[in-house]
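Step one of this worksheet: look at the structure below.
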Amino acid sequence: MKIHIITTGGTIEKVYSESSGQVENAAQKIDRYLQLLRLPGAQVEVTPLMNKDSLLMTDEDRELIFAVVRAKIADAPVIITHGTDTMVVTGQLLKKRLGDLAHPVILTGAMSPLGFERSDGLQNLTESLFAARVLGPGVWIVIHGQVHDVDRVRKDKENARFVAV
Amino acid sequence: MKIHIITTGGTIEKVYSESSGQVENAAQKIDRYLQLLRLPGAQVEVTPLMNKDSLLMTDEDRELIFAVVRAKIADAPVIITHGTDTMVVTGQLLKKRLGDLAHPVILTGAMSPLGFERSDGLQNLTESLFAARVLGPGVWIVIHGQVHDVDRVRKDKENARFVAV
Amino acid sequence: MKIHIITTGGTIEKVYSESSGQVENAAQKIDRYLQLLRLPGAQVEVTPLMNKDSLLMTDEDRELIFAVVRAKIADAPVIITHGTDTMVVTGQLLKKRLGDLAHPVILTGAMSPLGFERSDGLQNLTESLFAARVLGPGVWIVIHGQVHDVDRVRKDKENARFVAV
Amino acid sequence: MKIHIITTGGTIEKVYSESSGQVENAAQKIDRYLQLLRLPGAQVEVTPLMNKDSLLMTDEDRELIFAVVRAKIADAPVIITHGTDTMVVTGQLLKKRLGDLAHPVILTGAMSPLGFERSDGLQNLTESLFAARVLGPGVWIVIHGQVHDVDRVRKDKENARFVAV
């Protein structure tokens, strides 16, 4: 079966820049980590859409994400990798605007970048790809072993996790 | 919520022995890899039951697994880490003997040991922990992004995967 | 034989902070990576002295490093983990002030933090521990497979390496 | 500067075979791990010569190793990756036959294969590449932070290390 991944940036995709000494949303890196997973029977199609800290996302960015998700969701589940700070905002907009869905839309991200010691990035990516096959239609946040309805969740920044509201 | 993990050995738990130069089912190693995962809201309880290559499992071993699963499944989902060669045999026995279930029973394992380059072990463990929360009652094999009903699956040894039958 | 390691911070020891989204010199982390190395016959004694970006090091900091190195170098080689930006400054001060040496003083660090994808940190730590046993007295920078006399080297920031001058 | 690496197999180069469930000397894997190291100023030239458990090496194999080392050592240091069980045998033969040397010949290997959890392979490879630049002419075993003269060392199998004799 086909699974779409739309990448938008966020911590999951940050890299350490040796010239600036900072972590930055620069080169796309989801592909490299996908290759560590075995997914027989799945055709994963990655669409690198933007590479932004989600605190810097504009209304236009979210319109673009919406437009691309609407186009992709027709034929297969969609996973969106996204910064955790405004993941709920984007998810709720998608839920409101997409209407009835034939497949699940899953937002995921990470508290530490993929490939950094103790990162949760590969865990969340693994879970989202699994969730894409087993969850029903809806807009979900999948992270840290949990599935949250995008209308009943918030980020708990102090504890670096998402909690039900 | 609580999730039980019963470990029985198999490739997922093999270690490289520097004295024999072989991979062996020796020390328990699932715990060490569980610590790499973030599972807020989950109480994972590990029961190390045996540590065997599944080709060497006896009827008595399977009776023991059945007895322990029956005791644990009453209050929470059960994940069984198991060698892939006879995972289906054990799963079908459990399905036949357990009767009606309140929670899912999930068998998982790996083609390469946890912690070896290119291992699928942590992926499968991650997926199984996620599956324990989202699958319904039944006896399932969860591996490589897929869920298989234990009555409709076989190991495809040539391609190192499980396929529906 | 005994080998001293004095940690002062720098990129090699930075961690990703999930609350700030930045890399920071916070908790000591050299010990954790030393445990990945096999060093029979070596007693490695770690002295965590400070944890600073080397661009923020003051004259007082360097006086302190000098005082501690002088105390330690009497009985064994000393490795100093240090930020790369001012590693040469500290090294030259040490060379000038320490006078005749009975053992090597080795400065090392990294372009990317220990434990980050593609980090050179463990390589440089491995090389420095090896160098501590084989180099003669002097103040050396050991990094990327090379040994530099601290009086004949500069950091080439563009190429993330040290070059002879 | 140029550094030769001649690969002959041994534990350092073993891979886990998913079809046999054993570790085997199959595909060459040193190259893949070399890419994790930063070695500016070094031209590392890898010659994959054979891929054998060193207990299975024949006199002909050692003659071949000798012939290739003799050819390579003329212009640059030579590192030989080799099984630890008979590394001393090969090293002593090389020392006897090579005569006066212009560069160091370094034998190295590992107790656990490259890329396996807790492997010492990358450490030993890192040390050998460093040693190739700093050691004088001679035939050396470089492993676990130590340099051994090939005539004064034996493998201590119980403790998975080399010790001076």
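When the chains are written out, they are named A, B, C and D in that same order, and each has its own residue count from 1.
Convention: a residue touches a chain if its C-beta (ideal position, glycine included) is under 8 Å from a C-beta of that chain, and two chains touch if they have at least 3 such contacts.
Given the structure is predicted, the values throughout are model-derived calculations rather than measurements.
Student: Among all chains, whose Cα centre is located farthest from the one for subunit D?
Tutor: Relative to subunit D, the chain with the farthest C-alpha centre is A.
Student: Subunit C to subunit D: how many Å between their CA centres?
Tutor: 28
Student: Return the distance between the CA-based centres of subunit A and subunit C, expressed in whole Å.
Tutor: Roughly 38 Å, centre to centre.
Student: Quick one: report the Å distance separating subunit A from subunit D, using the average Cα coordinate of each chain.
Tutor: The mean C-alpha positions of subunit A and subunit D differ by 44 Å.
Student: At which residue positions does subunit C touch at least two other chains?
Tutor: Answer for subunit C, listing residues that touch two or more other chains: 111, 118.
Student: Name the touching chain pairs, please: which are they?
Tutor: A-B, A-C, B-D, C-D
Student: Show me the residue ranges of subunit B that touch subunit A in the complex, using the header's touch definition.
Tutor: 36-42, 111, 118, 120, 122-123, 126-127, 129-131, 133-135, 142, 144-147, 159, 161
Student: For a test of understanding, state which residues of subunit D touch subunit B in their complex under the given definition.
Tutor: Going through subunit D, the ones touching subunit B are 11, 15-16, 18-19, 21-23, 53, 111-118, 157-158, 160.
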